[in-house]
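Take this structure, written in structure tokens, and hold onto it; I'll ask about it next.
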Amino acid sequence: MEVLSSVNIPKRNEETHKGDYGKILLIGGNVNLGGAIMLAARACVFSGSGLITVATHPTNHAALHSRCPEAMVIDINDTKMLTKMIEHTDCILIGPGLGCDFKGNNAITFLLQNIQPHQTLIVDGDAITIFSKLKPDIPSCNVIFTPHPKEWERLSNIPVDEQTYERNREAVDQLGSTVILKKHGTEIYFKNSDYKLPIGTPAMATGGMGDTLAGMITSFIGQFDNFEEAVTSATYTHSYIGEELSSSMYVVPPSRLINEIPYVMKSLES
Amino acid sequence: MEVLSSVNIPKRNEETHKGDYGKILLIGGNVNLGGAIMLAARACVFSGSGLITVATHPTNHAALHSRCPEAMVIDINDTKMLTKMIEHTDCILIGPGLGCDFKGNNAITFLLQNIQPHQTLIVDGDAITIFSKLKPDIPSCNVIFTPHPKEWERLSNIPVDEQTYERNREAVDQLGSTVILKKHGTEIYFKNSDYKLPIGTPAMATGGMGDTLAGMITSFIGQFDNFEEAVTSATYTHSYIGEELSSSMYVVPPSRLINEIPYVMKSLES
Amino acid sequence: MEVLSSVNIPKRNEETHKGDYGKILLIGGNVNLGGAIMLAARACVFSGSGLITVATHPTNHAALHSRCPEAMVIDINDTKMLTKMIEHTDCILIGPGLGCDFKGNNAITFLLQNIQPHQTLIVDGDAITIFSKLKPDIPSCNVIFTPHPKEWERLSNIPVDEQTYERNREAVDQLGSTVILKKHGTEIYFKNSDYKLPIGTPAMATGGMGDTLAGMITSFIGQFDNFEEAVTSATYTHSYIGEELSSSMYVVPPSRLINEIPYVMKSLES
Amino acid sequence: MEVLSSVNIPKRNEETHKGDYGKILLIGGNVNLGGAIMLAARACVFSGSGLITVATHPTNHAALHSRCPEAMVIDINDTKMLTKMIEHTDCILIGPGLGCDFKGNNAITFLLQNIQPHQTLIVDGDAITIFSKLKPDIPSCNVIFTPHPKEWERLSNIPVDEQTYERNREAVDQLGSTVILKKHGTEIYFKNSDYKLPIGTPAMATGGMGDTLAGMITSFIGQFDNFEEAVTSATYTHSYIGEELSSSMYVVPPSRLINEIPYVMKSLES
């Protein structure tokens, strides 16, 4: 694996508008786990997405707007509205706080029926667990899975302590999707290349950190033309901020990491 | 067009009270797009408006108060209350997060029936789209439209790539209102003069930035005697803050731009 | 009138607990004006009150907790609970965002039936207007009114432009309560003395600033033994913070003024 | 009693994930007192807990997520969900904002029927008062009570002014649990040792400060192997931050103390 020792974030062109920076749809947040999708949404805003819609349970709408007025919201159960939003979107994230019950299943099934080949799908958290159980056909669009080792075990059938590079690489090839394996020394597997992060810190081992990364990846893909660079840049930037903050913080609350995104992206701008 | 290279913000007189700084009514925010009107409201507060009322869908009230306790709220569907508020207001903004469906139409129709000649009306976002479709008589009061190029196309029938100064100027003259055309190098068209902004940055190309500008314009008009100076000052200040922040931020989240308004207004005070 | 050129805030004794710093009840906030009581509540917390309960309309509870988790909430319409809270309270503020309709009337009437001689009552905002109309007997406890000039006109029948020291002093004597007349050069009238503030700034002329002051006064009275010093200290500290912030801010949003209270109180500690 | 003059917070191991830093359940927050459990939850997040679930009244869910998206929420009245959560938890805090009525009683009774010997239970605030009345059998797991002197009087039957070291020590031995007696010079009683804090400040005498401490203790126990060190570290860190902030703040709002936790934990890291 190549060690990912730096990234470059593309400079924005002067003559652009918000429509040039991605139409994003985030699907997740049930009655109990709403905070996850709020973190993902705010990570998108602070990463630079132009237009963000969040499909979540109505009990989450007030808190979402309170934390993140830049995003739009729809009811995750309003299939008519959801169909319309899926149609007009570039990048779709499903999973943060989705829940693993039948409602989560339904949301994924519904999405897979409506997603189009030119779109990108990011599958995170509970959605990975559901994918592992339902084993649906992977859609023909660009698909990224962002599992931690236990979720990767479910998806690949490789037990956590047998997750070597060779076995992971083989499983990814079989899956045919991009995989970001989140752990100490996060690994990114593309079709023809793979990278390992030399940065990261146990101060980031906290609830909501994965939802934040998922939001950043979705946002970067929506903004940047080069898919692989978008994925590596987002993952690197996330760990980079965490490591920077951990020099003065024992633990890095995800909401604080998000605050730093625009500053660190600027410092990584080429 | 004159290049708008600086503005002066009037110093407040000592012997004044909140009633001297504008009675503002903001109309917008449906079930899905509530964040837009929250951004506009907080931009008003941080720009110095004395009294701000927000007419929005009740699902937005908790989040609005959570972010912006300085504003009052009413139910956008409570026509009795809305009538009363319109009557007691100096400046009315309609549009942020209003939605383009029949409810949005109704809100505009209702407002146009009740607005009075001495008031100022700012038409933003979805309200511009509705105006373009309904083609109502422009009310006899001071009216400002704040379109981005696509919205201006709808309103003026000039395709985006044919929006030259000459054609815009002609269309504005025909419309008889003030037009702020938001883009790289924002243009401001008054009846007898027009200005071009030499500042601005693609870091401001993000959802909610227009709602924030609309709130600032409304607030400045409510505070300052000179209408044209109020409009140019607000527009300039908005871009100026964005440009300043973009030296350290890759993208400028609207909620962060708002935080800076009082400081930058002070620095521009004459 | 004596010019109030400085104040001293008493140092806290080591062997004390939250019960020593006042049991406060704040009554206000209807469906439209909830933000006012939220500002008052947070001003209490940041001024050092030990125990704060807010009686407000249930639609305000989520936003109140979101901004100010340190306060407790009750439903303003739950008279059983309200009776119990009034009984166990030292200081009661009524008015911010109360509304001037029959519900506001009822809240005041109910409070006046239950208030006890050893308590202190602060009457602010809409509650002053209702007092002016209902003309109830002033309760035998310590009572403070915090009108701006128009509210003082309603309460005293002195037109705004005839509010001279002599006429104000006479009206206060007749009223038998403490009056804080909020304006450029705020005036404080006690039974046997009166003060004029040499500080203050038009940057404070903004919605919610009076609610913030009302919260501070209530909190200071709950904490400090000397009633007159508590009132003058709170009023002075409020204007002092506003003036300090106005050196860098064109307008001082009340929520920002509140953030500074603990720091400025420390600097004024004797 | 030993004077607790310093603590060391263990460095995190590189190869760890959020599951290594404690599964926490917080139970509290009725319709009136929801802010207390929100403060405890945010204190947990900022102290480094990996997974936090809050069981509270549904009216508190929106504000909780608004302040603390890192936590999960469940309805405190959903016994099926609650049973499941208790089963999968390491550390349980009950009490902040629970209320002393029959619902609070029920929550405690239910918890005591379901708690397991390997878990740790922290009993705070209203839960202490209910324990004092119900006098249930103390469960066989590790139990900590965090009373202030009045609550300790209720639990131990020692009047506040007779709470000497000898009598407290005897009562703790009889109780068979750990007791943290919160006061000027907080005392910590373990089975075979006891400590007195030389730090603390009356600037911390404010509502919500105890809820914050309870959250920190719960979080530290969930993270650190050594039980006694976890308890002393949390208590010391809480007072240490309060004392630091009090050099510039007259009163320390609990929400501000929480912001500092990660920084101070880093500075105390060994």
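Letters A, B, C and D name the chains as they come in the text, with residue numbers starting at 1 for each one.
In this text, a residue touches a chain if its C-beta (ideal position, glycine included) is under 8 Å from a C-beta of that chain, and two chains touch if they have at least 3 such contacts.
What you are looking at is a predicted structure, and each value in this text was computed from that prediction instead of being measured.
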When chain A is superposed on chain D by its C-alpha atoms, the rotation angle in degrees, nearest 5: 90
Residue-number overlap at the chain B/chain C interface, same or different (half cut): different
Whole-Å separation of chain centres (CA-atom averages), chain B against chain C: 34
Chain B-chain D separation of Cα centroids, rounded to whole Å: 48
Of all residues in chain B, the ones touching two or more other chains: 62-63, 66
For the chain B and chain C complex, residues of the former touching the latter: 9, 12-18, 20-21, 45-52, 61-66, 68-74, 81, 261-263, 265-266, 269
Contact set on chain D toward chain C in their complex: 31-36, 38-39, 59-60, 62-63, 66-67, 148-149, 183-184, 202-203, 205-209, 246, 248-256
